[in-house]
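Labels for the chains are A, B, C, D, E, F, G and H, by order of writing; each one numbers its residues from 1.
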Amino acid sequence: MNTTFILGLVILAIGVLSVAFVRPKTYVARLINLEIPAWGLLLVMLAYDEALAILTFVAVTAIGTFVIVRLLEWRDASC
Amino acid sequence: MLIITRISRFVSNFQNLVALFAGACIIISLIGILSLPLAFEEHQLYPKTLDPASSLYPYDRGGVPFGTTEVVAQYPENSPYVGYVTTYLTPLSQYLADHTHYLGTTIVAHPGGIIDEILYNTRGLDTVVETSILFTAFAIASYLYRREEE
Amino acid sequence: MLGEILHILAAAIISWILFVTVDIFFKLPETGGVSGASAIARDIEAGGGALAGGTMMGNIVCSPDASAGTLLAACGVYVAGIPGGLAAALMVFIGNRICHDPGYAGTTGAVLATFVVYAFTLVGFAATDFIAGMVIAILTIQGLSHTHASRLLARLWRVRQ
Amino acid sequence: MIALYVVAAIAVFAAIRAIIEKNTGRKLPYANVLNFAVAGALVLLLDHPLSLVAAAAYFVGSTLESNAIASTYAGGVKR
Amino acid sequence: MIAGLEVAFGLIALAGAVSAALIRDSYGKLISLGILVAGVLPFIVDRGYLDVAVTVSLIAPIATIFVLMVARREES
Amino acid sequence: MIEYLVFAAAFGLLLLGLHRKVIARIQMRPGPPVWQEILHALKFSFKSTWVPKTASATLYIGVVLVGIGIWSAALFVVLAGESILILFAIYMLHKVVEHGFGLSSGSPYGKFGGVRSVISAASEIPLFVTISAIYLFTGSLLLRDIIAYQGVHGPLLLIVPPVAIAMYIVILSKMPYGPFSIVESKELVSGYKTEHFGVWRAGISVIDGLKTFVLLYAFVAIFIGAVPFWAALVIMTGILVTLSFVCAVTPMLSPFDSVTIQGLITGLMLAYVGYLWWVMP
Amino acid sequence: MIPAYPLGLLVAFASAGIAFFALMRETDGLHRLLLTDLIEVVTLAFIALVGTDLAEALILPGLVVGASELIALSEIYRIKEGYTRPPADSLQIEVMESAPAILAAILVVYGIVLSGFSGGAVAGLGVIFYFLCRDHNERFELIETASGYSWVLWIIAFFVFMIFPEYWFFAVMLAGSAILVKVMAKMSLIGTMRGGPNA
Amino acid sequence: MPDIGGIDLFVLEFGDILHYYTPYTTTLFLLALIFTALAIVSRPEGQIDIAFGGDAYYAKETTLPEMRFRRFMAIACGLATMGAMGSGDLFNFTLFASLVGITNVGIVAAVKNRHVLNAAYEYGIVAMVATLPLFGGAALILATTGTLSIPALAAGGFAVPFVGKALLVLGVIGEGMAPFYAAKAEMFRAPGAPYVIMCSLSSLLIFLRVVEIAITI
């Protein structure tokens, strides 16, 4: 119950809201908004001192972003 | 009868499947919120002990290298060498631990340490399953990708 | 308390002079190192600023330059004395390479700043003063008024020419 | 300690300026000030040689980010 | 960390999150995300996870570059 | 052992024949003789037998053996008084056997039968509500414990009638010609059974016989308790006749409607069990 | 003072509800995929709230499950929508020429030091970033084979742990390095799956 | 432990994760084994389709690489199901359930039919989303009871929250039980019977298992 934890939860909630009700409703906007809850979760993990999980989480989130970016690129190339 | 027909028309279209499942999950989430507060059990497996002064912070779990360490496992009798990996440091991580203070995460991620203990020894099957999931997912993706290439 | 604030202000002025001199010496206002720097310069010019000053500001944004060198050198001196400053210079060098910067303004600035900061620590300044001072200095350039800052930089650039 | 407060205050100021600025090109210098301030704060928070590395990594990383955003904003290199 | 500083950096992170959520322009969003990262990093460093901080600060721009690959097409 | 199997299969087939007969009489038809289903099974046993060219041969044959195997196992589970969870698991897995029948042949009719059998997967859900309700009362799911419980407290049929109704509907959904038997409706020729002939079809008959016997016997054991064997057979026949009445007077539902109705029943049952759970100490 | 765990649970449940609500309203396939990514994050929040070493050990599998399902589903989506033309060019900015080599080198070296999952993910990201900006005509099968063998090595290591626990040191080394190679190879494969010659 | 699946027949230890088999789970395990064996040895059928509005019919062929891939996926699915049947650990069980979900997608993903792919994608989204109830439920139970071992939980003395159980059951139901079967039914239109029935079998089996778990703990 400290600042990090509260801040993490708040950012997580903001992020979830921003992804769920994204404006403008484009793929890119949603993709960028997806990073916000990720950082909130990172703060929550930090509050529980789960450093290794943070490390992996950041890397895997970046990879996940790349996967979607790649899909969007294929989509742009084909449409 | 009409309402039944309408429900079955909704259910039969698989495009509505996700919405249906999401609706069920929302209900469960509401039940979850209503059932709060749930008490946190203090006697957990593998509890954390933090020692900011240690160079392995936050993963210093004490114990003797190449000896026994107290690890709260579910079935310690099934892992006779429980705690051996927890204290083990490779030469590199030993060097890091001796000379720096803020690299605890790196040291523990290097082979040895409590997380490796859990992931590879006491709960190794989790890791097997999880790597199989990764393997399967990649098999699907690469099969589809390469089929397109031909 | 008051003395420390004065120290910080003095350090700000010293580092301001230091990094602006080095940057102008390395011709940062001349051209944008990367396309992004030119774009920032265009936007600043569109906002009423001068192009040369804007280009320099763009270059500061896009790559670690002498100002970053000064900051990191001050940090280096704070944590480990002269070797720390030189290590910071090395990191600025790597940073320059990462950011596709052809010049050596950052590295030079860092090496120079290491000795300057170290010299000032001998006369009663603390390295932390320089860290805060450098942040204030960069604030005056990048953070208060782009219009005025870019015009000032452009005027200095004309002097150099 | 005063240095830390000065740096934090400047960081908050720069963050607010960067957020309220509309033009992307003019946002970036403000963000740059924030990067300076945070890099300085990282070292001031923890007096250890490694925090110099952290500050440098953060600074280089965020500079790279600004660089990439600005360059993409400019339309990239015409080849 | 001192309470005042926690508030300051927390504010930065919060402002970054809110603005990233509200700004409609992709580049503006990405810059706000950078501000969010700037607010989060001091917390990591303050707890003493310097290696984590280094990695996070190196990976964050990579993720931004990934996003830029599609953001560019969107704008043009 | 084997004599139990033979008896159960023969008696089950006899019940199915009776089922057809009762339906026919209600619908003012003469109907086939009661032993028609037994005759069917015997007749198919001696007809020529091979495997269609398009079929996936191993699966085509294997699934018949699996079907006979699981229902034999179910019979012994019931007779030995083991866990009814196993029984119901086998009941659910009968679904997979149906898929196997339908899909293995490559025939479009069989395939549609198989697809419908997936659609009708909802019919199993009331079962688990039944299980949980029974568990609430008896604290065990071993059949012998349930029978012992009923020896003390009287039949469960009187204690929790709605649960018995749910189980009744579950059995109903497995009866041919019923409102829920969408997998073998006549527009699909014979549904999933279409392409199995000869000995394989005889195998299916045996499966059906065993299935009917086991389900009805389990119903008697779970809801009425320990009765002499002959009495159990009589009660089973009685239940079957009521089932036949229901089948005769109700129309067959369209596939998804049948699922929806079963789903609604499940919902009601869930509410009922939730209520029971609430009021139980 | 509200205890931390119920508060966290409240936020987690509320987030789950919001995310599912958005998913319920969404009809577009790709938006749904993005929302599943969001739901992964909420899932991890549930696990992270436990806060023990065990929770940390459970986050890693959770992460990998989310990432791998995302990869498989994105590929299915691509095939299903018929996006068959490979992307023409990648981002053309200056830093793409200079940054990847250095950053990838740093990340890969650091990843190798880390080893295990975390190392694999970090190093894999570095490799992806490198491939992203370079022409890649390395052998797809080669990486795949390497990852397959390392998977087998890891399984062997697991059974060494379980059956011959006295060789735990050998096993932990084998497991750490095998997982590293495996995860790194898998992740770098995504980087190469972008079209181009023999990609 | 309450006797709902019968007494333990034998226990397999993998450190903290037990695999234990009661008569109930043994039955399920054997069925999974039998159908996996069937998927290994049998070749796919040549599915015949009628072109409506005429007398024409055509056979769908399954190519050799496709068959190999799908057989591999079916075997993986069978193994995952067998693992889930015996697993004595909640988190391990949820992992197996996720593996079942992804292999189910894989079994039909190789089919080129657009309609089937659509269904597979929708199913895949649900299977992926179902990780939240699954992992969330396991984490909730871990947090409130301090253990994940099913035998330990079944031994009593723990107040397992109702939400935890409900989440677990919902997660497994999402992997393909009614009423979320619509996509599965469409997936069944794909040719390749031995592999396709593994989809249904696996989700039925893990559902049967989760019912046992939900009642015991």
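Going forward, a contact is a pair of C-beta atoms (placed from the backbone, for glycine too) under 8 Å apart; a residue touches a chain by one contact, two chains touch by 3 or more.
The structure presented is a predicted model; accordingly, all values stated were derived computationally and were not measured.
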Task: Minimum number of chain-to-chain contact steps, subunit A to subunit F - done: 2
Task: Minimum number of chain-to-chain touching steps separating subunit E from subunit G - done: 1
TODO: In contact with subunit C and with subunit D at once: which chains are those? Just list them.
DONE: G
TODO: Just grab the chain with the largest centre-to-centre distance to subunit F, centres being mean Cα coordinates.
DONE: C
Open item on the list: I'd like to verify one number: the distance from the centre of subunit C to the centre of subunit H, where each centre is the average of its C-alpha atoms, in whole angstrom.
Closed with: 61
Task: Computed distance of Cα centres, subunit E from subunit C, in Å - done: 23
TODO: List the centre-to-centre spacing of subunit C and subunit F in whole Å, with centres computed as mean CA coordinates.
DONE: 83
- [ ] Could you check subunit B for residues that touch two or more other chains and list them?
- [x] 11-12, 15, 18, 22, 25, 32, 38-40, 44-45, 48, 58, 79, 101-106, 109, 115, 121, 123-126, 129-130, 133, 136-137, 140, 144
Task: Contacts with two or more other chains, residues of subunit E listed in rising order - done: 30, 37, 48-52, 55, 58-60, 62, 65-66, 68-69, 71-72
Task: In subunit D, residues with contacts to at least two other chains - done: 4, 24, 28, 31, 46, 48, 50-51, 53, 57, 64, 66-69, 71-73, 75-77
TODO: Spell out all pairs of chains that touch, sorted by label.
DONE: A-B, A-E, A-G, B-D, B-E, B-F, B-G, B-H, C-D, C-G, D-E, D-G, E-G, F-H, G-H
Open item on the list: For the complex, give me every residue of subunit F touching subunit H.
Closed with: 53-60, 62-63, 66, 70, 73, 82-83, 85-86, 89-90, 92-93, 95-96, 99-100, 103-108, 111, 114-115, 118-119, 121-122, 124-125, 128, 131-132, 135, 139-142, 145, 259, 262-263
Task: Contact footprint of subunit D on subunit C as seen in their complex - done: 1, 4-5, 8, 34-40, 42-44, 46-47, 57-58, 60-64, 67-68, 71-72, 75-76, 78-80, 84, 87-88, 91-92, 94-95, 98-100, 126, 128-129, 131-132, 134-136, 138-139, 142-143, 146
Open item on the list: Help me check something: in the complex, which residues belonging to subunit E touch subunit A?
Closed with: 6-7, 10, 13-14, 17-18, 20-22, 24, 26, 29-30, 33, 36-37, 40, 43-44, 47, 49, 51-52, 55-56, 59-60, 62-63, 66-67, 69-71, 73-74
- [ ] Using the touch definition up top, name the residues of subunit G that touch subunit D in the complex.
- [x] 91-95, 99
TODO: Provide the residue numbers of subunit A that touch subunit E in the complex, in ascending order.
DONE: 3-4, 7, 10-11, 14-15, 17-18, 23-24, 26-29, 31-33, 35-36, 39-40, 42-43, 46, 49, 51, 54-55, 58-59, 61-62, 65-66, 69, 72-73, 76
